[in-house]
Amino acid sequence: MVSDTMSQTVVLGVIGSDAHVVGITILEQAFSAAGFDVVNLGVQTSQEEFAEAAVTHDAEAVLVSSLYGHAEQDCQGFHGVLEDADVDAVTYIGGNLAVGQDEFEQTRRTFRELGFDRVFDSETDPEDAIAALREDLQISPTESERATITS
Amino acid sequence: MVSDTMSQTVVLGVIGSDAHVVGITILEQAFSAAGFDVVNLGVQTSQEEFAEAAVTHDAEAVLVSSLYGHAEQDCQGFHGVLEDADVDAVTYIGGNLAVGQDEFEQTRRTFRELGFDRVFDSETDPEDAIAALREDLQISPTESERATITS
Amino acid sequence: MIRDERIPSDELRRIDEEIRSNWPTGADVDFEDAIEYHESLPDHKRFADVLESADKPLLQPRAGVPRLDDQIELLQYLLEEGQADLLPTTIDSYTRDNEYEKAQQGLDKALETGDDTLNGFPAVNHGVDGCRELIDAVDAPIEVRHGTPDARLLAAITFAGGFQSFEGGPISYNIPYTKRHGLEETIEKWQFVDRLAGAYTERGVRINREPFGPLTGTLVPPSIAIAVMLVEGKLAATQGVRSITLGYGQVGNVVQDVAALNALKKLGNEYLPDEVVVTTVFHEWMGGFPPDEARANGVISLGGMTAAIAQPDKVITKSPQEFQGVPTKEANSAGLRTTRQVIDMAIEQKIDIDGIEEEQDLIERETRCLMDTIFEHGDGDVVQGTLKAFDSGALDVPFAPSDSARGAVLPARDDDGRVRIFEWADLAMDDDIKEIHRARLSQRADTEGRDQSFRMVADDVDAISDGKLIGRPQGDV
Amino acid sequence: MIRDERIPSDELRRIDEEIRSNWPTGADVDFEDAIEYHESLPDHKRFADVLESADKPLLQPRAGVPRLDDQIELLQYLLEEGQADLLPTTIDSYTRDNEYEKAQQGLDKALETGDDTLNGFPAVNHGVDGCRELIDAVDAPIEVRHGTPDARLLAAITFAGGFQSFEGGPISYNIPYTKRHGLEETIEKWQFVDRLAGAYTERGVRINREPFGPLTGTLVPPSIAIAVMLVEGKLAATQGVRSITLGYGQVGNVVQDVAALNALKKLGNEYLPDEVVVTTVFHEWMGGFPPDEARANGVISLGGMTAAIAQPDKVITKSPQEFQGVPTKEANSAGLRTTRQVIDMAIEQKIDIDGIEEEQDLIERETRCLMDTIFEHGDGDVVQGTLKAFDSGALDVPFAPSDSARGAVLPARDDDGRVRIFEWADLAMDDDIKEIHRARLSQRADTEGRDQSFRMVADDVDAISDGKLIGRPQGDV
């Protein structure tokens, strides 16, 4: 599954006390298949655990998932924690980020202000997140990936 | 199916422009099985057709069915028509006698005032109508009927 | 003497002119202009093509309101929110009785007050232009559904108005709907309707015709329904119809329903001429519904499950508000989506149930008995055969209000819930088949510890609305 | 080292006293008094007896609110309006985390404001008397449903409070529910729960125990679910439980679901000791529901249809509002009645579907592989075997949030919609079985013109909520 491009490491986890595991399981598979080295911290991951893993694995990206509607509280101060640990990674968040049916643009603004580089809703395909990360890390897709995407 | 008691004739039909046939088909079967001679006029029967059949067959009872909610209009003047034709039969009406969910007691009163001897709702078992008619005509059930009823 | 023969062109023209003079809007019908209009329609509004090329069952609800703009809005809603594949326009009762004056009064009042003073869309009164406005506004094929014994003017106007599918037939829109229309009369009138559809067909505009399969909607034994479908299909084919959708109404036993739909398809292709494209339509339960939307959803879903297994070309859906009469558009859409979900979840599964072939074989043998008696009664002519077979009782429909059918046959469910015949009266059926039915009903009687009697019939009629399939004795028997 | 051995009486007493001191209401538990209370209950409130003597599937919803009077009213409503046969009392999340102080705050606030500040009934806080008030007030058997890794105090109080059925188990209430509770820890704690149920059982009060079959509720391959059920059933039996209801969650393929329920029943009777009465429970679809009540009714009905064919002893129903979380009592009742209607219409029909035996055979062979590996890992001891097999990945549950399971196995549907294993990781399975799965998934890949990949998994997870069974590629691939 690992592609022959230079491997970049992404740290993946569900923040707070959220136990929704399906999304990150699929993300793990998708990012692995796309050639990334994936460190999956699983559900109920604390801000500190994210930071620690990012340092240990020298991660290029930290991908945070949240599906139970309390993402905003769970992410307060998260970028401070990352900074304190000298983590200099791209940060994404995705999932059901707000309880109720707020406009997503409002939600996006909120999480951008918290410091995330990109914000995705729960309908996002893993491919979109991968394409975005490739752009942000300036990686071009491999031959085989291109073939898959256009087939 | 005919019992060995003296046969009594009942005239049966759906009044007005109502085309609901299932109820009277089952009533026809039930009254025949109970030993009555049944003249089934079918659906969309006019007041005059009821009177004419009652005279022709010298009926002991006229059973009127209505299921489409317009029974009250359809039965206005019905007992006058029967009287004019010299019909002296017991008259019953049954079915969905009013549109909407009026109290059935109110409906019963309305149709009693129109001249019907008994008024039944759509949940009535044929057996109940048969038992009522036996009482009104002072017929006792046959041996075999009793056996069926108590089995 | 009326026979199963194609109406000659000059006779077609004569009747056409005569019936079009019955109401002012008839004058606006122009055949050449109509052909041109149909040719202008996009592919996805061509009913026969859409239906015949579908790769899974298409869903169609029932719906009709008096005002044109309301009807447009209703159909657009059912298309968008209900995700219907095919749409209906149900015609009002006055039009069904050819009372166009009363329909006009109802329509005028509806336009004035905004109330739905009619129980359907008075297409004759809306005329050719009104119909075309509807066809233009709604982005799916639309069928005319009604229940009209004499539907000649309705057909002339709706065909010219751009509708490409028309429900009904001389038996199926007579026997279950009306007491006094003679069968000979309705056959003659439907020969015209079919002949007119055939005239369009000849010009490349294939009008789809759909005999009404459920008949009285009350425990109709499959072979009786299928025999009527075959007769009406044959009559339509004789007049030049080339797209025929044979119908069948769910009885609720999955094996029997799948077997019946299989038999309908097979016998349809066998009995109808090769040049006819035969499709099938399955009606979700047409009998009494539970007075409870939750339970009604269960009934609807069992229909969806059956459709997923039998895969008819089309399914006519019911709504959870069936019990209370005409549903809201929301409930109508809900019925569509519930059916869709069940079908889409089940249709890719291989679900081969034991016993379907045997049941299908039985239904086919029964149907052949009925078709044979029709051919014999008519000395080979289907029209005469049908008239005489109904007259003798050799052909019959249970619970038929019409004076044209004896209505003496009585059905009851067997111990498995399949509809059998309890009272044969004079129905033409081989003795060994009667014996099979008798044995099945006797098995049920044993299970229930009671004699076979009309009580079973009465109990079965109410069973589904009471929450069961089979009308078992309740409490102490 | 923890093993599958019965907790000695003195140890039982020691733990019992210890855990009862964790919260004030623990002091009110008196075993002899509890036995007397259970003996006073009428026959129709004895859970095990009612369940085991039923002649068709009994229906049970999910329901729990914080206040006692509200819970009584809710259960009475579900009994009367929903016609439930068995009732639940679902426990709140704080109690599941043993946070009785927080549960008390929530309950106090609920009593003060009338709002439902907890997502369930805090039975520990209500104490023995509160539970008995509920049992007395509601005229049907009631089960405790929760999701608590350490349910010892909850069991002590609810058993003494008159509940005679208790859901959960050391694996099924750990792996899908929590990240960090060790499996060894939860096994030890559930041994106490089972031992306590066994103590009641010895005295003639049979407490029914129900391992939670659906596990993560997300495309769990039947054999994995069944193996977990057999382990938990065996552990409970060792502690003296004699009424065990093994669970299974619908995957949506009728053949596979019926086969799985058959296999569950058969293997349950085979693997569990003779003195245990084994019953089965079928959970309507536990994965994502369509965000549309009409479509949700279709999903629920397919569950009802499956239950009518497989005839489990009990069905846990879903509501049409599943998508949005906790349903209103009306929607909860509607789910019960929709299920009831489908079951009652279909259950008397003989519906034997081809291929069920082959699928059942495959499921049994897979389950035996997993059971064999457990016995081997533990040198014959089920507890050690389970711990070591999960540790090695020889036993695994897909989408498990727990650190105690690898969660490395990934399922995907085959071309018929049956759940197969796409990624085996280290799951102990014979090669010929793996080959069967591979071939089935390859067939699907061919149909869809794409490679087998995690995309299938992702598409399948969302498929039913999107209106289909199988997550086929949409539009241009």
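Letters A, B, C and D mark the chains in the order given here, with residues in each chain numbered from 1 onward.
The working rule: contacts are C-beta pairs under 8 Å (C-beta built on N, C-alpha and C of every residue); 3 or more make two chains touch, one makes a residue touch a chain.
Everything quoted here is computed from the prediction, not taken from an experiment.
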**OP:** Could you tell me the least number of steps, going only between chains that touch, from chain A to chain B?
**Re:** 3
**OP:** State the chain with the largest centre-to-centre distance from chain A, centres being mean CA positions.
**Re:** B
**OP:** Could you please state the distance in Å, as a whole number, between where the Cα atoms of chain B are centred and where those of chain D are centred?
**Re:** 56
Subject >> Cα-centroid distance, chain B relative to chain C, in whole angstrom >> reply: 32
Original post:
In whole angstrom, how far does the Cα centroid of chain C sit from the Cα centroid of chain D?
Top reply: 46
**OP:** Return the residues of chain B touching two or more other chains; collapse runs of consecutive numbers into ranges.
**Re:** none
**OP:** Name the graph shape formed by the protein chains and their touching pairs; answer line, ring, star, complete or other.
**Re:** line
Original post:
Each pair of chains that touch: what are they?
Top reply: A-D, B-C, C-D
**OP:** Please name which positions on chain C make contact with chain B in the complex.
**Re:** 177-180, 216, 218, 398-401, 403, 407, 410, 450, 453-455, 457-458, 461, 477
**OP:** Could you please specify the touching residues of chain A with respect to chain D in the complex?
**Re:** 19-22, 25-26, 29-30, 33, 42-44, 126, 148, 151
Subject >> Contact footprint of chain C on chain D as seen in their complex >> reply: 252-255, 290, 292-302, 304-305, 333-342, 344-346, 348-355, 415-417, 464, 467-470
